[in-house]
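Got some structures for you, see below.
In the two complexes below, chain A is the common chain; its partner is chain B in one and chain C in the other.
Our next item is the complex of A and B:
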């Protein structure tokens, strides 16, 4: 063997975040899409969200005796559809820590590379967001065409929808960063954390029932979860009349809800980077960056 | 002096949590390590498993914070300036099958090149060149999950060299490789260093021959401490006045090597059981001492099967410094 000539120059500092995000998103996309041939992957991408929705539809049908015209159905169906983003983005960002440390054993090599690790985690989550978007679209389309979910594209408040969706995705990504940072400090059983958090939020964020249904002492939990405001804004923008049937957030105007969501997103953005900085420091102190649990 | 690596009183203590069966305790992995590695040097860290080599590499590559002391790589403090150290280094750990299995070899390497800001065209050229060198060109488009452990290790080594770092850390790079692949890696390492005098490489190994063959200087490390640091030739010169014998004998029948060490002229004895026999490595002050060793063995009805006189090796240096062989030290470290 012969060695190559020339010595590398240190990676340029400029553009670190951009190249980190692009390469991480590319990697995430490959991991999400590369495990099967394209046809099987396409079938899986369609069937998975429909199966999730079908469980909810069957349960609703049994309990309400098939009252699909009730505004409650659209409320539940859309909440459930948009909640796909929570599982995809929040756990997508945080799961990367487990994926890279435990499964691929590459976290240490990512760490010593000249990348911004939080941006890397967000980049990996971006691929999940893309697949999540496909699942949300399929779920809503199936609801409209097969179950009469009252969605009229000409009545959708598109500007409100676009702003709400964007703010919400950023907020979920930052919540994912907080969760992923905490996972850096958990060696055993960290793999359950993402699902546990997403499951707990599912109950208290008004995804499948209005917060007013919760016992009075539990309702404040829903009001401090940013996802509650985000889902309400998405429902209002997509099917305003359904959202109006449930008075949980009726005291707030769209602008007020947007302001709350923007404020919470800003808070979680700051929190995400602060928590990451702390956990990163602690993980290096404790030697957890390449500690395997062999779970 | 232009130093690529500098450590001063570097220490690392792991705090181990207790459980129902065991109380919490502290494990000292490194203590007061003072090390200077010059730019352009191929420096070896030689020691048994559990000696602290990997802990030291983890600190130098910014993966682990030191408990106390200072460590600088390429002029930057690893604890307070990790973001300045990282663009200048790379690392390869041996004996593990890391890699994104769903990506091909080329994709794995290309992606890391992107993290280091290497333009795509240049990255592809380097990937091809390096895969040619390690004789893996035909596997460029193979998914890394389909590679053997040895080929994955080679891919990992290419990943380390691909970014052409100022300081490269190789942690047991030939662990788990077959003889031919190990030779390939050693030749490549040597050639890579010769190609540019500004490159610095820190290699950890517990293979004596590897350290002896490759390294400009070697630090012998055991129990988290550097016991000696010099060129392999100078380290072995310390034993030049001694005579060294390798003696294969029948089982020792309860005879302790310490009993042999008590004999006049016998400096150190290491012992290893081997397929119904025992191998004794003897460091003697003079040839005459061999007679009393033979007498003691025959007196215990131990038969001498083979006897060789040989030149001092780094293993002998280790035995002389620590008091037992590397294998014995590993057994001690493993409890």
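Our next item is the complex of A and C:
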């Protein structure tokens, strides 16, 4: 009785959420990293994103004979590097549902534990964010040192970068929460969902080519994808001169883009919790929480 | 008369063939039972192909490179099938408890792997065909095949060598647990890079390309590109006939290697008690 009363108090709720987040992040870290010794795990974490970037580098180099000083190269390279966050955070949060329901079969135990489930999902995503950050850092560092990506630390607009990055990561986590919530109701193809969404966003967000390259009828899709604005802000803050070379979002000032990003982050935060609440209720009603498909 | 008297029981090569057909069956029929999987397994590579095509267009590449990307995208289906449904299949079977049944049953593990290979080749071939058609229609790819017979021979040899390689690595995965997932995951992008899925392998350093040729798709794709596109030959790594000879050698090495390694690994896994071990 006392415990039930305690859960209802806001201070307790905050305590539960904080503990849930920390425990989930630690659990996520362990799941991701403890299958190998640290050196092998480090190599594993770095090789995959570097190979992805190297494919683009070779493609670019073959066609342009290694014109790495061209703004297009920095546009492609940095967009691809920052996009690592999308795959890590968005699919990281949503994949937790598959991980816990299908692979470890622990979701029902998470539900009966004194945790806040959406915060638990976000905490698991945080571990992926940490690994993603390592990959982003190494990819960008490799580009700067080996491929002349024009990133001068003294010219970086650090306040804009910090605010954009933070808002973007929160937005991605909330998009992941929406996707993860939907996955609670999907059994057969849930494992494809994260990849499908990340793949579609990669294509339509202008991550690796300016939106103007898309056919005219597809370009509006790029403008309604929140990640397009986030990537533009990151490019402007890190390599302003490169962003100026591509007029896709030239009609917007930095402040306007930040306002759009903040608005979208707020929207997805509300949406994330509303959709979770609905899907969570449906999943409980239909008995989906411990349904295994051997995906 | 008892029930067992009425059931014909095969042995020897008949049992071997029956096992091959029995293991291939679920792979082929599964394709028809779960069409949504087919959709996603076509849709995801087409998204990647589209992204790479638009990158090439953004940097002003010639049309032949668009064709290269479409072919590379189709071939990713085979590589993913090798990674997730051949190499790591023994790991999945271990997780679901089937592996012990395979070992206990009076059939050959080699026949089971062959069945997986035939079933996988058929279902993945269909997916690759749809990816090629979709990519070609979406991006107006012009195929100019110079020699259909040679193209067919290269494709078949590539597949035999590739699935032989998959059978060989499947036995290595007998010993793995949760790390199997990560190793399979790790073998995606680095292989797309080393094997030149989205660019001519000739663009890499000669020795890097030569080293990557241990993966049959490297030379197979290079030869198929030379035979399928106008201007493809100029971007080829080695002459097609040389690549054909190397592919024959890879077929022999991988098929015999798979047979030997499977026996060795099975003994090792039995001795170390890895066959029923389940660590997720």
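The working rule: the second predicted complex is superposed on the first by the 281 of 295 C-alpha atoms of A that agree within 3 Å, B and C clash if a C-alpha of one lies under 4 Å from a C-alpha of the other, contacts with A are read in each partner's own complex, and residues count from 1 in each chain.
We adopt the following convention: a residue touches a chain if its C-beta (ideal position, glycine included) is under 8 Å from a C-beta of that chain, and two chains touch if they have at least 3 such contacts.
Because the structure is predicted, anything quoted here is derived from the model rather than measured.
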Touched partner set for A:219, first chain B, second chain C, both or neither
neither
Chain B versus chain C as contact partner of A:51, first or second or both or neither:
second
Could you say whether A:35 touches chain B, chain C, both of them, or neither, answering first, second, both or neither?
both
Tell me the contact category for A:157 with respect to chain B and chain C: first, second, both or neither.
neither
Which partner chains sit in contact with A:245 here, chain B, chain C, both or neither? Use first/second/both/neither.
neither
A:290 in the overlay: touching chain B, chain C, both, or neither? Say first, second, both or neither.
first
Chain B versus chain C as contact partner of A:27, first or second or both or neither:
first
Quick check for you: in the superposed arrangement, does A:104 touch first (chain B), second (chain C), both or neither?
both
Taking the contacts chain A makes with chain B in one complex and with chain C in the other, which residues are shared?
35, 104
Spell out the residues on chain A that touch chain B in their complex, using ranges where they run on.
1-8, 10-13, 15-16, 19-20, 22-23, 26-27, 30-31, 34-35, 104-106, 108-115, 281, 284-285, 287, 289-290
What does chain B use to touch chain A in their complex?
14, 58, 61-65, 83, 86-91, 93, 96-103, 107, 111-112, 114-118, 126, 129-130, 133-135, 159, 161, 163-166, 184, 187-196, 198-199
Within their complex, state which residues of chain A touch chain C.
35-36, 44, 47-49, 51-52, 54-56, 58-64, 72, 76, 103-104, 188-189, 192, 195-196, 199-200, 202-203, 208-210, 213-214, 294
Quick check: in the complex, which residue numbers of chain C touch chain A?
34, 36-37, 40, 43-44, 47-48, 50-52, 54-61, 65, 96, 178-179, 182, 185-186, 188-190, 192-193, 197-200, 203-204, 280
